[in-house]
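Next up: some structures, all given as structure tokens.
Each of the next two complexes has chain A plus one other chain: chain B in the first, chain C in the second.
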Partner chain A sequence: MRARISSLRDHVLARHLAAALLGLVVVVMVLESVSDYRNTQLASMAYLGIAAGGLTVLTGLNGQLSLGHGALMAIGAYTSALLLPDNESSLPLSVVVLVAVVVTLAVGAAVGLAAARLHGPYLAGATLALAVAVPGIALYFKETLGGEQGLRVVMPDIPVWVLDAVFFVTGQDLTRSRFTAYVAWLTLIVVFVLLANLGAGRTGRRWRAVRDDEVAAELAGIDLGRARVSAFMVSAAAAGAAGAILAFTVKLAAPSAFTLTLSLTLLAAIVLGGLGSLAGALIGAALLTFLPSVVTDIGTDAGLSDIQAAELAPLVYGLVMVAVILLAPAGIVGSLRGALLRARARRRTPASAEPPATGTTSGTGTTTDPHADTTETAGTTPATTSKGTAS
Partner chain B sequence: MTELELSGITVTFGGLTALQDVGLTVGPRQVHGVIGPNGAGKTTLFNVACGFVQPDRGDVVRRGERIERLRPTDLPRLGMARTLQGLGLFDRMTVLDNVMVGADRHARSGFLGSLLALPRAGADERALRDRALHALDDLGVASYADRYPPSLPYPIRKRVALARALVSEPDLLLLDEPASGLSSAEMEELGDLVRALTEQMSVLLVEHHMDLVMRVCDEITVLDFGRAIAHGTPDEVRNDPAVLAAYLGEDVH
Partner chain C sequence: MQQFLNTALTGLTLGMVYAAFALALVLIWRSTRIVNFAQAPMAMVTTFVALVVIDAGHSYWLGFVAALLSGLVLGAFLERVVIRPVEGKAEINAVILTLGLFIVLHALAAVVFGNRYRSFPAPFGLEGITVGGTTIALNGFGIFTIVSVLVVMGLLVALFRFTDVGLRMRASAFNQEVARLLGVKVGAMLTLGWALASLVGSLAGLLIAGGGLVHPSYMDSVVVFGFVAAVLGGLDSPLGAVVGGLILGVSLSFVSGYVGSQLVALAALVILMLVLTLKPGGLFAQAAERRV
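Moving on, here comes the complex of A and B:
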């Protein structure tokens, strides 16, 4: 058992890099084989996925609720727009993304300090204020931030070496939409590897401990405030990167893109996918991006008018949401994982289960214990039996 | 040198005096019990000892050093650990992760180590995991390492909680009602375990079950209405008239 756990968990970085490489291959294959229109859609999926990934770390691993992640994306997007005002700017996009992350991180630190003192509905209220206030800032500073119209984002020319490299690998010319999609998905892969590292390491364990039991976490020496602020900052940084990618994709940073609806949409994505799971965040982002257009197409094909077909999308989206919450409350990934665990527990028959090792005390018969949890999951029964046979 | 000395502890909540000038001393490798009827102030005293309650007056002295403002997060650094009456296990984390959180004081790598999964962070994690598995093994529950607490029977969860406290290698362990919910056979085992712990540490114990307290404690402090009414060895306490009076009519387990 010890060996099995070690082999699974010892090479965190290797595991995450392998997944990233696999992801990269899939990304190249998909982006190269679809149209410009789909590439733009996929870029949208990437920025929603990045923001949802950051949010799922905050909500799923640390138990904090944020309604302000749309606003944090706005900060990343406006920062990028200010850095890319015209064709003259020579900043590489990677630098733009980094600056967007740093600026959003700073704002996230300020909000996170408030978050460290607030809980549940109060934190939701504070971040809601952020969601309402930030678009207002853009309206107030019309001169620099463009007011209602927003700021145009001018993407720099694709570097020649990138054009050459992509042509060499794929044999196709790189279009601008496809280039943006590549930038978006590369950013997503980097962000996800970093988030996965944090989640699998000591930092993530401390976040989860604070989420599950504050008193016990404190007794283990974990400063609740610092854990919460760090989770919020990490989450904000991801939102900043997502905002930058959004700016690259829609080539505009305008207040109308960052309404409260965006924040709620992100929450919906992580609930659908499964809280705390990066894969879930990605699935949620995919549903958000593709469900509306797929449903609208089906509606039009079925003979509905354009307006009726367009109204079908929110309806189906709502139904999917209700169905997931009723049938798979742990989200799509969470429910799959639960099913996997139960299947594994069923395979672990009493005969093959190793009896608990005995140290300073001997094993106790637990089958007769009146306090044994009656609300056990399916995984319990075999081990309880094995415990009983061991004593 | 004493492991822990509480002196002149007074705690008031609003107008209510929960503790009035209470003191106790836990010597090295000693088991010290705190008993008393319900509402006597046992839990409050315990919470003062681990920083959840700040006393209005009085000193908390650890190994001759007065602690100005003890906070719960200081406990691991001070070589202290506490179990919780409600166990306080992290329900959505595996048993192994639960105990690794308890071992957190031994980790050196920080945020950057986690973010980039640096080699030294990996080495740290391996060391924590080894400690955690060892602590689970010592209590006979290593085979539950990859399970989640809600799926385990209560006595097993109890051992996991104890492993989480012991893995920090404290030299003073605070046990809050460790016998609650255990059968008499299990309580017997618990008693042996607590005695065995004194080879490595001192234990401060709050407990309802008289049999257990009388069996394992070297010294006992009896609280009643927020005051220490008696103090001494189990035999001394058992025959103390004030104690008998306080417990008269009480259901002595």
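Moving on, here comes the complex of A and C:
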């Protein structure tokens, strides 16, 4: 039994699939037990989580920033809206999601090929331009993209076999918003399994190598440009899926939903959760979903007007983002994991009298984190590459 | 023909503002290797400071000076308090930090100054000047825009070329270690660099706002245009930033005049992608690219 568990530990795909199965059970239990309103909220959490998951892979594993994931989501959402114009459309939702992913991937490839091959802030700047440019496209092509009002998304009827299957498992009738929430969370699980596998395998290792030391990575035979562009494209694909789910959930694709603020708050979510960690992305997405109403209520209680109180949530995101980078650059998940490892190292050292090299870091604690995998992007990498070399 | 000329003139005026903004980005990039995405909300905040002063019954010029001074202080403060801890660390952290500042300043301005459009006065007439019977698209404020940006650029050139402080700033931007060994207070120079950049950014903010509407997000697209202009010029060269700003201003003005104003940001994106693909070192790059 023990051997089997440890082999599960060693086998990455099996571990991820087991986690996905566990996640699925939790999702079914939660979605079945909450109201329609909460189901819609949870569906929004799912699409934010998918987009944040894609972004955290790009930023955490490859060390690049995208300020345009909101715009990439817009492309996914508009694609879905164009595919689901009325009730007659017979496309299954999975196909709609796939098409949205492919279209977003194409746009991501165009931007990524231009910007991601370069070192430095170019990808951040180009994606920022994307974030500002995309809403304008919807306004310019009013006839096809609906201008300021946006496009309505008509969800197809729930397939009969799904209704039957859900009734068979849960004994409850499936409402439409619960169906949407199921679609959202299933997509999230699929995307996360794919991202986790990619990140744990050879591709992820290359991304991390490029992030940590460009020269060493290139000496090891890694094509820097290809690694960067592939990371951005994978990330863009996730954003496309997130956009499709957004369209299903909100039932509208309108430019006002895809402001620069959306892109920036996604970044805040992954910084808070911990860069590079999918669990962190999910925590961040939960905060983005549930924090605003709490903060806004506090604001209105403190005597602010509704409009002012609505700005408190982004204020909190921004402050938290600054504080996390300055104080705990590994984010929630990274800090917890680091603390856990330090505690474990401390417990082990006196018992088995290991060489002091592994134990000493726990004493000083703050600067050298023993777990390299989570602190990576954060402040520990010395900046040898950027300073003073350019002339 | 007349429309062509007027579009070009509008573009030139706008280009001057983009040039100023690009210059602000380049100043910070040269000294600290950070692209300060928070430049846009910083300029927005100082413009609101000017608006508050003007709305309190004081003259436009008092507001103008107040905005520039508050830009100076804000830049120095942010560098010293927020940015300093991450200087020399992984560059992504610094960028994330500027984006965090972006959100914070944005939200703060919306809470303090209100999340609505407010009109901003202009000190000069906004009527086009008449030349030989036809009105051209250059007004008093446009001339003021061009002149003030030129004056600021001239002052900056004078500062960097002819003064001791300017030499020290260039030294600390060129090589921090060596500058420090030679007795330059590098930290103070970096703070000064940020302060000056923030001042130039504030000027750009005031010039964009003049005679128009201000809103917490009215500078968001300008940071994109400033970045594109800076990349056009090579991100490292102040002169390149100015030329890049002018080229971008004129091109975007033509897109706006002949295609549609909604596509201006898309055009900026396309220009950026073309530059990055064809000449990633900027239009004036001569030296070989730095490998990796």
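In the analysis below, the second predicted complex is superposed on the first by the 301 of 391 C-alpha atoms of A that agree within 3 Å, B and C clash if a C-alpha of one lies under 4 Å from a C-alpha of the other, contacts with A are read in each partner's own complex, and residues count from 1 in each chain.
As a working rule, a contact is a pair of C-beta atoms (placed from the backbone, for glycine too) under 8 Å apart; a residue touches a chain by one contact, two chains touch by 3 or more.
Quick caveat, the model's predicted, so the values are computed rather than measured.
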First, second, both or neither for A:201, with chain B first and chain C second: first
Contacts of A:322 with chain B and chain C, given as first, second, both or neither: second
Touched partner set for A:267, first chain B, second chain C, both or neither: second
Touching partner for A:314 - first (chain B), second (chain C), both, neither: second
Which of chain B and chain C A:13 touches, first, second, both or neither: first
Partner chain(s) touched by A:179 [first = chain B, second = chain C, both, neither]: neither
Partner chain(s) touched by A:132 [first = chain B, second = chain C, both, neither]: second
Which superposed partner A:110 touches (first chain B, second chain C, both, neither): second
Partner chain in contact with A:209 - chain B first, chain C second, else both or neither: first
On chain A, the residue positions that both chain B and chain C contact, one per complex: 215, 218, 377, 379-380, 383, 386-387
Residue ranges of chain C in contact with chain A within the complex: 33, 35, 37, 82, 85-86, 88-93, 95-97, 99-108, 110-111, 114-116, 174-177, 217, 220-221, 223-224, 227-228, 231, 236, 260, 262-266, 268-269, 272-274, 276-277, 280, 287, 290, 292
Complex contact set, residues of chain A against chain B: 1-2, 5-6, 9-13, 16, 194, 197-198, 200-206, 208-209, 211-213, 215-223, 230, 353-364, 366, 369-373, 375-377, 379-380, 383-384, 386-387
Partner chain C, residues of chain A touching it in the complex: 59, 63-65, 67, 110-111, 113-115, 118-122, 124-126, 128-130, 132-134, 136-137, 139-140, 214-215, 218, 224, 259-261, 264-265, 267-268, 271, 304, 307-308, 310-312, 314-315, 317-319, 321-322, 325-326, 329, 377-383, 385-391
Of chain B, residues touching chain A in the complex: 50, 52, 71-77, 81-82, 84, 88-93, 96-97, 100-102, 104-105, 107, 109-111, 113-117, 121-122, 124-126, 128-129, 133, 137-148, 150-157, 164, 168, 181, 183, 185-186, 189, 192-193, 196
